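Each of the two complexes below includes chain A, the first together with chain B, the second together with chain C.
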Partner chain A sequence: MNDTGPYNPSLIHDFALWIDSHAWSTALHESLWVYPLVESTHVLTLMLFVGMLAMVDLRMLGLAFRHTPVSEMTSRILPWSVAGFVIMVLTGVLLFYAIPVRTAHSIWFRVKVILLIVAAINAWWFHRRVSRDRERWDSQPKPPLNVRLTAAMSLATWSGVIIAGRMIAYNWFDCDRPQSAFVTWAAGCAVELQAEAG
Partner chain B sequence: MTWCEQFGWFETYDRLEQTWIGVAIRESLWLFPGIEAVHLLGLAMIGGSVLVVDLRLLGVGLTRLTTSQVLMTARPWFIGALILMFLTGVPLFLSEAVKCCFNDSFEVKMVALATGIVFTFAVRNRVAARNDAPAWVAKVVALVSLAVWFTVAAAGRWIGFSG
Partner chain C sequence: MTAVKRIFGATALGALTLMGVQASAHHAFGAEFDPNRPLLIKGPVVKIEWTNPHAWFHVEHTNEDGSKTVWMMEAGTPNTLLRRGIHRNSVPVGTEVVIDGYQSKDLSNRGNGRNMTFANGQTLFMGSSGTGAPRDGADPTEPSRPAEAKPADEDEEAGD
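Then we have the complex of A and B:
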């Protein structure tokens, strides 16, 4: 086994294989109706989750609801976004559960996970640091630069999550096709091909 | 049987698919997925700008603002998102017009879309603009709006599953 430092591709591969061995995983993947319904729910919930989040972000950028306090947006609009996020996570986990091995080795899925982590850090940063002096800018039509930067970062990362998520469906970079050394490494293809050959 | 089949629109759809935009998208590996991804960003924007007004009409969300205040700030974003949807949706259609001719979901989406645009500008926005509409009228209008736009999005997703 190659030592690749903190990133251990075989750990991810083994986890995916373990899920793949579940009968429910296969059943969900092969289901004529349930899989498309879960997938559609995942996509349509974008309207609730990202749509409502975008309204809050646009307020923080000073581009919408300029005369409504930011706290009014976070208390009245953000909960709807959070509800959407819960549906996103639940359906997303099911989608991964249905097709674990290919998804785990999808470079787009890996990009998406990294962007999700960036989005989470950005949200944490906002609640932890940026909103500390909210009283001062809560009612400003155009909040200070650091507030606008976190809002822009939120819109950018979630847009990236949507784009990367959509690309998971395409097979250009799948491990069963010839790939560059970079993709082979980044998607953990070596381990998958080795496992299949062995 | 779709209207396209029934009324013999196939040749028109076929010609649309042969336009240079349709051909360029089909011949490219990246164009269709790329345009599709931007179409999804527009979906999120449409969702937010529709929901924020309809929730207010239902009496939840930004209740400290009047319905017309919520409408005024959401409307430019709705129109912008709608334009983005057309700019990406039309090329997507041109690239696979023949498939759409035999696709029930596509026709459901187009009917719902036309209904949604007319209903939003002719009925829903007018009700939201005047703040004195009876609560039950505002609620019915909001529910119809939500149902129509949900149908547009769901039928749109289903185009990819059927045919």
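Then we have the complex of A and C:
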């Protein structure tokens, strides 16, 4: 299969193989305590991060804490959220580092990465544009539409990230099982199976 | 005093959360394995993957017609197996074992292991608890149920 489409699956595959060749990757994959601790910490800190973020989003949607200024919510809640975010990202990277090849070829992981990019663009857009005139709507019980839209987008994308992330555990769309042409393409299975056969 | 209460509350919440996490560290049995396709795999261990989140035992089973098939049997986490008394060098390649379990839904040569029995008669529960696997008595932490219990019951257990 020479036509690789809009992305180059063998590049991703080679990167995953390179990580897989690290002794520390194998050690983490086979560890007795560290892997479960990293996995649990990832889940706990994502609850801290998304949980706190959801409160701010619900406030901006005009659904919760309607009489608390948004700036007060963010100044009190966001530091917790940032702490959760940092540990969540670090443990997430470690989880990928432990099982790079299967994860890189997981369609759920790929959906998750796309959603993470959408969430990042949404956050950038919020800080760049939407929050510029915050003084105007800071104390409004129901902020203007563009604020509510970014908040809804944030809730939707992070919910999607969590769901897709959870699904990585399941093997329904793994490359070592017969898959539809779409999954074979989207997960880059051809490259993985080719490499295994060769 | 409120600080003490708050800390206590946070600890209790944390403990509850950890219990939830522990349950969700295993995927649900019903998503990948078929409780109506029991397996009995006998033969030498040819390979062990001592990996998270599940270890895999590859066992070469001799079929009725004399041909050989290597089955991949899923076990618990390396940590779970350690706590039950085996580590990565406990079952060397070539060890004769009998593993009972359930075949995967895609009918590949893969299954969810329940009990692993050694030549000396010792039995090890190799699976995971709280995944919704049939209550066949293999899991010592789970009360077993009479065989006539309706199979539909198994789905409600999905531990995550």
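Keep in mind that, in the parts below, the second predicted complex is superposed on the first by the 194 of 198 C-alpha atoms of A that agree within 3 Å, B and C clash if a C-alpha of one lies under 4 Å from a C-alpha of the other, contacts with A are read in each partner's own complex, and residues count from 1 in each chain.
Keep in mind that, in the parts below, a residue touches a chain if its C-beta (ideal position, glycine included) is under 8 Å from a C-beta of that chain, and two chains touch if they have at least 3 such contacts.
Quick caveat, the model's predicted, so the values are computed rather than measured.
Trainee: With the two structures laid over each other on chain A, which partner does A:A98 touch: chain B (first), chain C (second), both, or neither?
Mentor: second
Trainee: In the superposed arrangement, does A:L44 touch chain B (first), chain C (second), both or neither?
Mentor: It touches chain B and chain C both.
Trainee: Using the superposition on chain A described above, determine whether A:W80 touches chain B (first), chain C (second), both, or neither.
Mentor: first
Trainee: Touching A:N171, do we find chain B (first), chain C (second), both, or neither?
Mentor: In the superposed model, A:N171 contacts chain C only, not chain B.
Trainee: In the superposed arrangement, which partner chain does A:M88 touch: chain B (first), chain C (second), both, or neither?
Mentor: A:M88: touches no partner chain.
Trainee: Who does A:V161 touch here: chain B (first), chain C (second), both, or neither?
Mentor: Neither partner.
Trainee: Which partner chains sit in contact with A:E30 here, chain B, chain C, both or neither? Use first/second/both/neither.
Mentor: Second partner only, chain C.
Trainee: Once the two complexes are aligned on chain A, which partner has more residues of chain A within touching range, chain B or chain C?
Mentor: B
Trainee: Could you pull out which residues of chain A sit against chain B in one structure and against chain C in the other?
Mentor: On chain A, the residues that contact chain B in one structure and chain C in the other are 36, 39-40, 43-44, 47, 166, 169-170, 172.
Trainee: In the complex of these two chains, what residues of chain A are touching chain B?
Mentor: 36, 39-40, 43-44, 46-55, 58, 64-66, 68, 72-73, 76-77, 80, 158-159, 162-163, 166-167, 169-170, 172
Trainee: Taking the complex as given, what residues does chain B use to touch chain A?
Mentor: Per the touch definition, chain B meets chain A at residues 29, 33, 36-37, 40-41, 43-52, 55, 61-65, 73-74, 77, 150, 153-154, 157-158, 161.
Trainee: What part of chain C is in contact with chain A in the complex they form?
Mentor: Spelled out, the residues of chain C in touch with chain A are 17-18, 21-22, 24-25, 27, 31-32, 50-53, 77-79, 82, 88, 106, 108.
Trainee: In the complex formed with chain C, which residues of chain A make contact?
Mentor: So the residues of chain A touching chain C come out as 28-33, 35-36, 39-40, 43-44, 47, 98-99, 166, 169-172, 177-178.
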